[in-house]
Each structure stands twice: as C-alpha cells, then as structure tokens.
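What follows are several structures.
Two complexes are shown next, each including subunit A; its partner changes from subunit B in the first to subunit C in the second.
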Partner chain A sequence: MRRRTFGRRQALTILGFFAPAIVFVSWFTYWPMLQGAQMAFRDWNLWDLTSTPWVGLGNFAMILADPVFPIVAGNTLVWVVGSIVPQLVIGFLVALALWRRFRFRGVYQALIFYPWAVSGFLVGMLFRWMFNAEFGVVNDLLMKAGAIDAPLPWLADPKLAMVAVIVANVWYGVTFFAIMILAALQSVPDEVLEAAAIDGAGTVRRLFSIVIPYIWTTLALTVLLRSIWTFNSPEIIYAMTNGGPAGRTHIITTWMIEYTQQGSYGLASAIGLAVMVVLFVFCAFYLMAMRRVNQR
Partner chain B sequence: MNRTRAVTASLATMSLLALTACSGGGSAADGTVRLQMVESLTNPARTALIRELLDEFEAENTGVTVDLVSPPTDQADQKLQQMLQSGRGVDVLEVRDSTVGAFSNNGWLLDLSDDATTWAGWDDLTDNAQAVTAEDGARYYVPYGFYGLSLFYRTDLVETAGFDGPPASWEDLLEQASAIQDPGQNTYGYAFRGGQNGFSNVVAAVEAYTIDDLDVENAYLLTDGSTIFSAPEAQDAVDTYFSLFEEAAPPSAVSWGYPEMVEGFTNGSTAFLLQDPEVIATVSESTTITAEQWSTAPLLTGPTGKAAQPLATAGWGVAEASEHQEEAADLVEFLSGAEPATRFAQENSLVPIIDGAGEDPFYSEGPWSSYVEMTEDPETYVNVVQPRGVSWWTEWEQKADRDLQAVLLGSMTTSELLEEWDTFWTEKYASEQ
Partner chain C sequence: MTARVARVTGLSLWLVITLFPLYWVVVTSFKSPGSINRWPLEYWPSEFSFGNYTELFATSAFGTFIGNSLVVALVAGATATLIALLSAYVLARFEFRGKGAVLGAFLLTQMIPAFIALGPLYAMLADLGLVDTKHGLGLVYVAMCIPFSTVMLRGFFENMPDALEEAAMIDGCSRLGALFRVLVPVMAPGIAAAFIFNFVNCWNELFLSVVLMNSDANKTIPAALNGFISTFNIAWGPMSAAAVLTVLPTMVLFALASRWIVEGLTAGSVKE
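Moving on, here comes the complex of A and B:
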C-alpha cells in the first residue's frame, strides 16, 4: 500500500516535470499538425472559409491528376540525388582534410562551417545574383578562365537552371556533412589506425577497411537526415528560380507553396501530408536496409 | 495531495499565460484604448515612417495607443490571414487590391461606407481614390496611393541612336530598343521581364492594342463580354511584345524579375525599363548613371494612340472583429488625411490619393512629371481596373508567368498563349455563373 502511494506521488512528480513540455509540444506542434492534416480532406480555400466541406480523398486525386505532378516528382528526385551525392563526397573530403592537426585548423574549420549559419533563402538570393548571366560572378570567372566563350544563361535555360540550384544547395549542405563526418572521424581510435599502419595497411586500405566501417552509422544517418531536409526545403529554389523557367525546377515543396499562394490550403495540405507519408516510408526502408548492412 | 495541487496550479498558470500571450490589443483598466495595426508590404524605412505617423495620431488622440505589427513581406499576408481568422489581434490592417476580395468574402473587414464618406477629408481624395474603395456597394479600405507603370529610359542612348525623344508607342519602343541593342558592348535595348510577374507587361501591351473596345471596369474583358486575349489586335500586341525579347533583350531575361530589371537599368546596361514609380528613388540613388542620363516617359500606347493605365493599389482597412472599430476608423481617417497621406505617398514613391497633390513640385518636376502628364490626359491614358480581386488571381499569375516563359523557351507559340489565356478566363467566368 505504502509502495503504491509512493509510486503515485512519483508519477505525479514526473508528470509535473513533463507537463510543460507536453503542453507546449501538443499546443504548438501536434495540434497544428492535426489541423493541417484535416485540411487535406476538405475543400479549404482562403477565398471562402465560410464553407469548407469534406471532400474525402478528392484533393489527393486532383494532385495526382495534375499534369504537372510527374514533372515535379521527377525534378524532386533529381534535386535530392543530385544534391546529396556531391554533398557526401565533398563533405567527406573536407572532413578528412580537417581531421589531422595542422596550423590554423580552427580558422579553416570556421570558414568552412560558416555557410551553415546562413539562411537558405539568403543563400538562394546570393546564388541568384552569382548565376546572373550578365552581371554574375560565375560567368565572369568561367570566361576569364577560358572555360566558356560567351555568358551562359544559367537561370534561363531549363537544364542549366537545375544545375545552378543544385550547385547552390551542394555549397550549402557540404558543411553539415563535413561537421558530422569530422565528429565521427575524431572518435576513430588512433591506436587502431597505428596498428593497421604497422601491419602494412596503406592510406586507402585504412580508409576503406577501418575508417569508413567505423563511421558507417554516422554516414548513414547523415545521408538520411540531409535527404529528408533536401526533399523538404524549397527556399533555395524559391529564391533562385521560383520554380522556373516554365516550371522546370519545381519540386514538390515549391509546388506546395504555389498552392498555398493561391489560397488552396486543402490541396497544399494534401501535398504536405503525402510528403510526410513518402518520407516515412523512405525512412523505414532506409533504416531497414542500414540494419541489414550492419548485420553483415 | 499538495503536490497534485501544485502541479494543477502550475498547469493552469501556464495555460493562462499562453492565452494572454495570444491576445491582441484592448482596453486598459484606466480607459485607454490599445489598437493593433498590421502592415503587409513591410520594409524598415516604411515601418519607421508609419511609426512616426502613428506617434502623431497618438498625440492628437489622447488615450489611444497603436502597436504596429510588421511581419516580413513574404509571410505577411498569411500571418494577417491567420490573425483575422482567429478574430483577435487586428484592429487596423493593410488591405491590397489582391486581398480585399478574400478578406471581405470571409467577413473579416468592416464596411467603412458610413464612416468614410462623412469624413471631413473625404472630398480631398481624388476620384480614383474614391472609386477604388467601392466594392459591391461597400467600402472596405481607403487607398494610401497607387502604383502605375511608366517608361524609364536612357536619354543619352536614345539620342546617340538618332531619336528625337523617348518612344510613345510599343512599336516605337521596339524600333528604338532594337537600334540601341549591342550585346558586344554589354548594352541591351529593353529590360525584358521574363521572370516573376512578367505576364503583367504582356497584358499591358494587349490592353493598349485593344483599348478602343476595352471594358474599363474589367480590363481583361472587351465591351462585348469576350476576353481581351480573343481580340485580333491581341495577336499584333503579343507579336510586337515578344519581338522585344528576340531583338532587344538579353537571352537570360527569361528569368529576369524585378531585381534584375532594375539592376540592368541602374547599372547602365539596358536602355528601357517599364516599372512602377518606386523605382525612381532607386535609380536616383545609383552612382552608375547620372541624373542627366535618364528620365521617364508616359506608358506606351497602342496603334490607336491610347494606353490603358491599370492602377494597382492598397490601403488601410478596419477588422470586423475589432473591439474598437470607432478608434480604428479614426486612425484610417487620420492616415488618409491630406498631410499624412501625401507624406506617405511621397516617401514611398506612390501616385498620391489627395486632389491637387500632383501640383507639388515633388511630382511636377523631373521623373515624376510623366505621371502628372498621364493624370492630366485621361483620354489618352485611360484608367482601367484589372480583376485583381477574383479568387483565381494568384493561380492566374502563376499560370501566366509559366506560359510566358514557355513562349520565351520556344515550347509555346504566341497564338497558343493567347488561346490558353482566353480559355482560362472564359472558363473561370463561366464557372462563376
């Protein structure tokens, strides 16, 4: 009996400490999420909020039937893969370069990590000017280096525009990979590497046989996190091309913004909900695949 | 038990704090009134100016204080909508010609008809200012100024190319811009708008070509009820307009929006720019071109020598849910008064709402004179109303911009563009009936 009373008190104390967090997270995260989710099943248009009837899966059907959908889906895939692969490779190389102690390492680290402190929208604005055909620094440098004879219309040509937005995103995201990988590299024990070196393993062998397996979990999780963020982040594209030219750089989230701007909150919410489901499925498969690899 | 009470009390206190944090202005115990005003086209200089005007209002109206809320422009309309939907926290707000329809449809705006027309300063407002406030028998806002197009041009380049003066018509513009175009020297004829909001200049050209049959109350329709895009003259208009891209603009103008166009003109690489008067201040501050090197000319005319001047506007309105509608209406009246309104219009480069303000040297000299010229000749520069308040306006903007870029990229012809636009508007209007 005494033990039960103590347990209840303890439970109340715990609840007391948790309560503020529960209230705030519920109020500011889950309640808006539920509100947003129910909009996906209603005809919720800013123009007339006096009538918001339930439409079942109608909004989802409209999205799938939209001729823009396949283009947007393809662009999203190119945007995610095209951004993540270079970010991983360059971020890895940067982390390796910063791994060992050398003079002014702190300064180099600060310089390389600073993009992470800049807002994505601002990055987009900066790159929009850098890629401007007439006044931008990119064409200027390429012409001075003799790589091109005439200015390239980076943001006006559909293919080049996708390259330009991906370059901006790679620049922005390399930092995160570098930070995460460097932190993981610093946990690799020196004695293991030294022992491998004494046994005759060269740099490449040590990298692939010791370092990468050691930091594998960090690599996998970083790729997962950045894939989700890249999939979800419209700001660079929005600031650089607004989805243009002629919708050729539209991804799923810039498309969602377009519907929001039209006041079609029902359709925008349906896209948001679909994105959440797609990401959930992706995460589940990814983590299962990672587990299998780790078990080998 | 004490602990249970303590936990319950803490939760209740926090909930109360959260609720009070969400509430807007109101009446204090001492009887003072606190109004909350929300602007939506925010920038730091403008916010500072509004604050100064609000301080003057507070000095004249003892017992009333006004808090100014200035959300970032790109999120402002959404935040405003959320506040209006919640029915709290907004007394006075910025209402735009593109938001007034949605806001009033949802019952969020107070009809100012009775207040506005009985104000002492009502008769000081220009006919345009009085006219735009009326919507379906109600008046939901009082404009603070108008945005209107004029042609910014390089006086030196025009002269060097052998022309006597700036172009008056779209045909003239094509001729002069093509003559000036010299990509080898990094000189381009026309700052072509291919990016965001690029469709608006195409429509300006179509309206100039169809002006004789234009429904001035809805400048997307002809007097016979068909759309302007179905008129035979519209084909000539778009062909002339897109020739500007082919013959007198940089190829990358496909993606040029407001910043690139203005930069192209201020850095001296483009000879012509079609823009709102707010650009006057930006160009004046440029160190790349001198005051003698540029000026403005009236909006370009069509083949019959007339142009349609679509006046975009915004103003101040009162929230229906405001608990202090009387004081809020007083604030709108104050801001629409001759002195504050003229100051606001001048410092934000807007066409003024006050009758006779155009006689001020500020407007009658230099680059502003073209606006006065247009105002004084309404037969040539016909004021028209575009249907910016329809529920599909944003959808239209996005579609029209995409189609415009498709033409520039060669994946759509100009006649397909007109057919698309005609179908879009015809179907939208038909679905309303």
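Moving on, here comes the complex of A and C:
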C-alpha cells in the first residue's frame, strides 16, 4: 500500500497538504531572502532608500577591501572551530555518562537539557553579567580558586574577549550534542558490544571500533547542523561584546549587523549572500565527504 | 564500580556548570539594588528583595510585553505546528519526485542569516500595513517554524505503522479524516513536543521582533530586553528579573516535554 505508484489522486493530496507550508515559507522566507540577495548587487543606503542603482560586484569588492575583513574571517574560524570542538568532546562525554541506567538518570537528563530553553541572546546577557570586570562572578570564583590574583577585564581585553564568548557558546551548545549523541547511542545493539567484550576488547577499543562507527552519521550531522548555526548566529556575541573590543570578537554575522546599523544595507546584504554561499558550499562538500566515508 | 563513580562525578560536575548561570541570575534578581554592585560578592542575598521585579514593572510595560509574547508565540506556534503536520505527513507517507528538493529547501532555510531578509520583510509588511502588529510578526514566525517542525514531525510519522490510517480509510474515512481522527491522537505527545519547540522558538526570537515591533503596546519580550543593552549602563538588577521571567515559562515547558522533544529531534534527523 505504502509508496505505490504516483497517481492523480496522490498528486492532488500531496499538493493540497503541502500548499500551506509552501505558501508560508516562500512568501515570508524565500521571497524576502531573494530580494535581500539581489540588494547585494545594488547601492542601498539609509540616506536614500528610494534609489538603488545596480553596482554589480561593487559591494563585494568593498567588503573584501575593508581592512576589517581578514580579521573578521579569522575570528569567525576561531569562533566556529573553538566552539564546535569542545562542544563535541564534552557532549560526547555527557552522552556516554548518561548512556547506562542509574539512579536519578532522568533528573540529570532533564536538568542538562535546560539551556535549550534559553535564547542565545539571553545566554549572552547572562554571561556578560558573569564575566563583568567589576562584579562578575567568574573573576570571584577564579580568585577564590587561586587561579588569578586580580579581577580580569574579560570583555574589554582583546585577548580574553574571544575566550569569554566561546565559553558562553560552549556552555550553550553542549546540550544539543549530548542529546543527539545519547539518542544515537541508544540504537547501538547491546549484543555486538557484549560479543566484543567477550572477545577481549577493552572499553576504549569498543568505543573506537564499534560505538563511534555505529553512530558516525549522527555525529557528522550534528557537527554539520551546529557548525551552520554557530557560523550563522550572532546573538551571543551581539549581547556580550557586539564585536568589541576593537573588533576582536567580530564574526561575519555581527559585522553584518554593524553595517546594517550604519545604514549600509547593500553591503550588509552582500555579506549575507556570501554567508549563504559559503554555508551552501560547505554543506555540499561535507555531505559528499560523509557519503564517501559511509561507502567505505 | 570505579567507572561508575567517575561517570557520576563527571556528570555532576557538568551539571553544576550547567545550572550555575541560572542560579546566579536568580540570586542576582533577588538582591537589593545596593548589594548587586558590592565586593565581596554575595552568593546568597543578604537581604532578600523583590525590588528588581517591582522596578522592572514600574519602569517598563513588561506585563504587556509578556502578554504580547504569549499571544504571538501561542498562535504562531500552533499554526506552524498544524501546517507542519500536513507537510510532514506527506513527506513520511509518499514517494514523489521533488521530495529531496523540498527537504533540501527546508534545510537551506537554516543557512539564511536573519539579517539578509530583514529589510525586504520590513518593506513587505509595511506594504501590507502589518509593521508593528502582532499579526505581521506572527505570520513571519509561522514561516520561520515550519521547516524544522516538519522534519521533527516527519520522524514521528515514520515511527507510526501505515496500518493505522489504512484501516480507517477502508472504513470510509478520507485521508484528512484518517490523519486527524486516528493518527493525531496517537501522535499527540509528538505533536505537543513540536508545538512547544515552535512556541519556545517564537518566544525567544530576537532580531525580527526588534526590527518589526516598535511601540510599547505591541513589543514582545526580546525587543524589550534588547532595549536594556542599548543603554550605556545596564541595570543588572531589573535585567536579571526580566531574564528570570523570560526563561521560567520556557524552562517549565521544555521540562514537561523534554522526552518527546528529544525523540522528535533525533527521529527526524537520524533517519536521513
């Protein structure tokens, strides 16, 4: 019965059921996105919104020529890699710890889940307060632990600010990794693990030879999704430093916000379009590489 | 035995790290204005005070903002869930050309930076007379929520046996009737999880609400919170009170539905 040939009735059902989703997503997501994208090739400014002359690749040239660009590109890379790697490692460990039943496991799971209920913006605000130079709790705890002698100006110091925003993002992102990996772990068949244990495979060996290959697809997809969101979400940085001090935490999307706030909408659109193209190419390559690994 | 001890210790350590920011914002929100900016820090309020909450409501229309957020997130979240239910059903139950393209198009929405669509969206809603209205923001939120909740609900549908609705259709139900009379009741927890996920996403969304909602009568919470950081000196007391009030409802909802949300997320994405 299921997945039979494609009849006329089916075609109508499919169209009818899909129509509302298609109408909404095209009207309020894709159409404005396309308009924004074509504005990337126009001169579009706050001071004259009515005239938007075509400038070809001029906006992209201006972005590339901006001395801030190489800094932003480097920061973005640090931000994504520096956030994803610890999230993956800690998330994996948390998932492993939650894998086997023990008393209060449900409670642990529910509590570890809660950062998801907080918005990125609010996470940024909470950490901005905790990293506050004068009355921040982070400084107080570090001083109590004897790690530092005097309060550090976390968000004002060019060297420390990136550390602070990444700490906030790692805190926020571990949950997602833990949940996805935990769910995948629960699909690993016990018999295979037991058989390997009987054959004398130790914990580490079983982890790398059985568990990781088994959940490989989930790992890869989770890394992909989180990378997209981390690359694409300015909320935490926007709330904590807004790109400062002196552009040291500016990533590509907070830079876009800055252009928007200055009223240079054309330049902001050009950055947005570039972000989408980069993410699209990244996804395509990533999915292709994943398929190749899976076929091996 | 030692592995077990190590596991629970490590987990507890991460739990402390996870819970600390919440603890800290709650403690801050109950400190008296004088004791917030005082060194050494107080890890428990020396005098317990509701001052920050009364100040929040006295200096801003925070009650109105909460009401606006509630209305928008409830209506948009429910509408998006209903629409996603239909498209997820089709994606789970039919093979057809262009299915991959639809899924790809949904995945692509995750790559669109919010800011690229903001200007055109503003212009569009202005043409419709919907800027600074809950209807306008709600329409955009519905579109925002559809792709992800579709993927989530599709995972739930795939776990449902076809026989369920087939039996109903043999008994004379239409496809839509079978879906709503037979499948929806069975899938209720999954649908609730998708709705809660949508609700929380709408409740938390920042940039659209900042750009589209200007007047105090229509502002939602994120737009109001954003006002806090544009001032040179953030009033951390009322800010903490606002943060607590913003996070609490979503936390309660997620705690209620966490099991189903986990299932939906993983079923939806692991399947591919």
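For the reader, a short list of remarks on this structure follows.
Keep in mind that, in the parts below, the second predicted complex is superposed on the first by the 282 of 296 C-alpha atoms of A that agree within 3 Å, B and C clash if a C-alpha of one lies under 4 Å from a C-alpha of the other, contacts with A are read in each partner's own complex, and residues count from 1 in each chain.
Here, a residue touches a chain if its C-beta (ideal position, glycine included) is under 8 Å from a C-beta of that chain, and two chains touch if they have at least 3 such contacts.
Fair warning: this is a prediction, and the values are worked out from it, not measured in the lab.
Considered on the superposed subunit A, subunit B and subunit C are sterically incompatible, since they clash. Of the two partner chains, subunit B and subunit C are each touched by A:Thr260. When the two complexes are overlaid on their common chain A, residue A:Ile237 makes contact with neither subunit B nor subunit C.
In the superposition on chain A, contact is made by A:Leu46 with subunit B only, not with subunit C. In the superposition on chain A, A:Trp27 makes contact with both subunit B and subunit C.
By the document's definition of touching, of the two partners only subunit B reaches A:Pro153; subunit C does not. By the touch criterion defined above, A:Glu134 reaches both subunit B and subunit C.
The larger set of touched subunit A residues comes from C, when the choice is between subunit B and subunit C.
Using the contact criterion defined above for the overlaid structures, shared-chain residue A:Thr13 touches subunit B and also reaches subunit C.
When the two complexes are overlaid on their common chain A, residue A:Pro245 makes contact with subunit B while staying clear of subunit C. In the superposition on chain A, the residues of subunit A contacted by subunit B and by subunit C overlap at 13, 20, 27, 132, 134-135, 260.
Per the touch definition, subunit A reaches subunit B in the complex via residues 9, 12-13, 15-16, 19-20, 23, 27, 45-50, 132-135, 151, 153-158, 161, 241-242, 244-247, 258, 260-264. Subunit A makes touch with subunit C in their complex at residues 1-3, 6, 10-11, 13-14, 17-18, 20-21, 24-25, 27-33, 35-37, 39, 44, 90, 93-94, 96-98, 100, 102, 108-123, 125-130, 132, 134-135, 137, 140, 171, 174-175, 179-180, 182-184, 187, 203, 217-218, 221-222, 225, 228-229, 232, 235, 239, 253, 256-257, 260, 265, 268-269, 272-273, 275-276, 279-280, 283. Within the complex, the subunit B residues that touch subunit A are 3-4, 6-7, 10-11, 14-15, 18, 78, 81, 85, 101-102, 105-107, 186, 188, 194-196, 250-255, 257, 260, 263-264, 267, 269, 391-392, 394-395, 398, 401-403, 405-406, 408-409, 411. Residues 3-4, 7-8, 10-11, 14-15, 17-19, 21-22, 24-25, 28, 36-41, 80, 83-84, 86-87, 89-90, 93-97, 102, 105-113, 115-121, 124, 139-140, 142-144, 146-147, 150, 162, 166, 175, 200, 203-206, 222, 225-226, 228-229, 234, 236, 239-240, 243, 246-247, 250-251, 253-255, 258, 262-263, 265-266, 269-270, 272 of subunit C are the ones touching subunit A in the complex.
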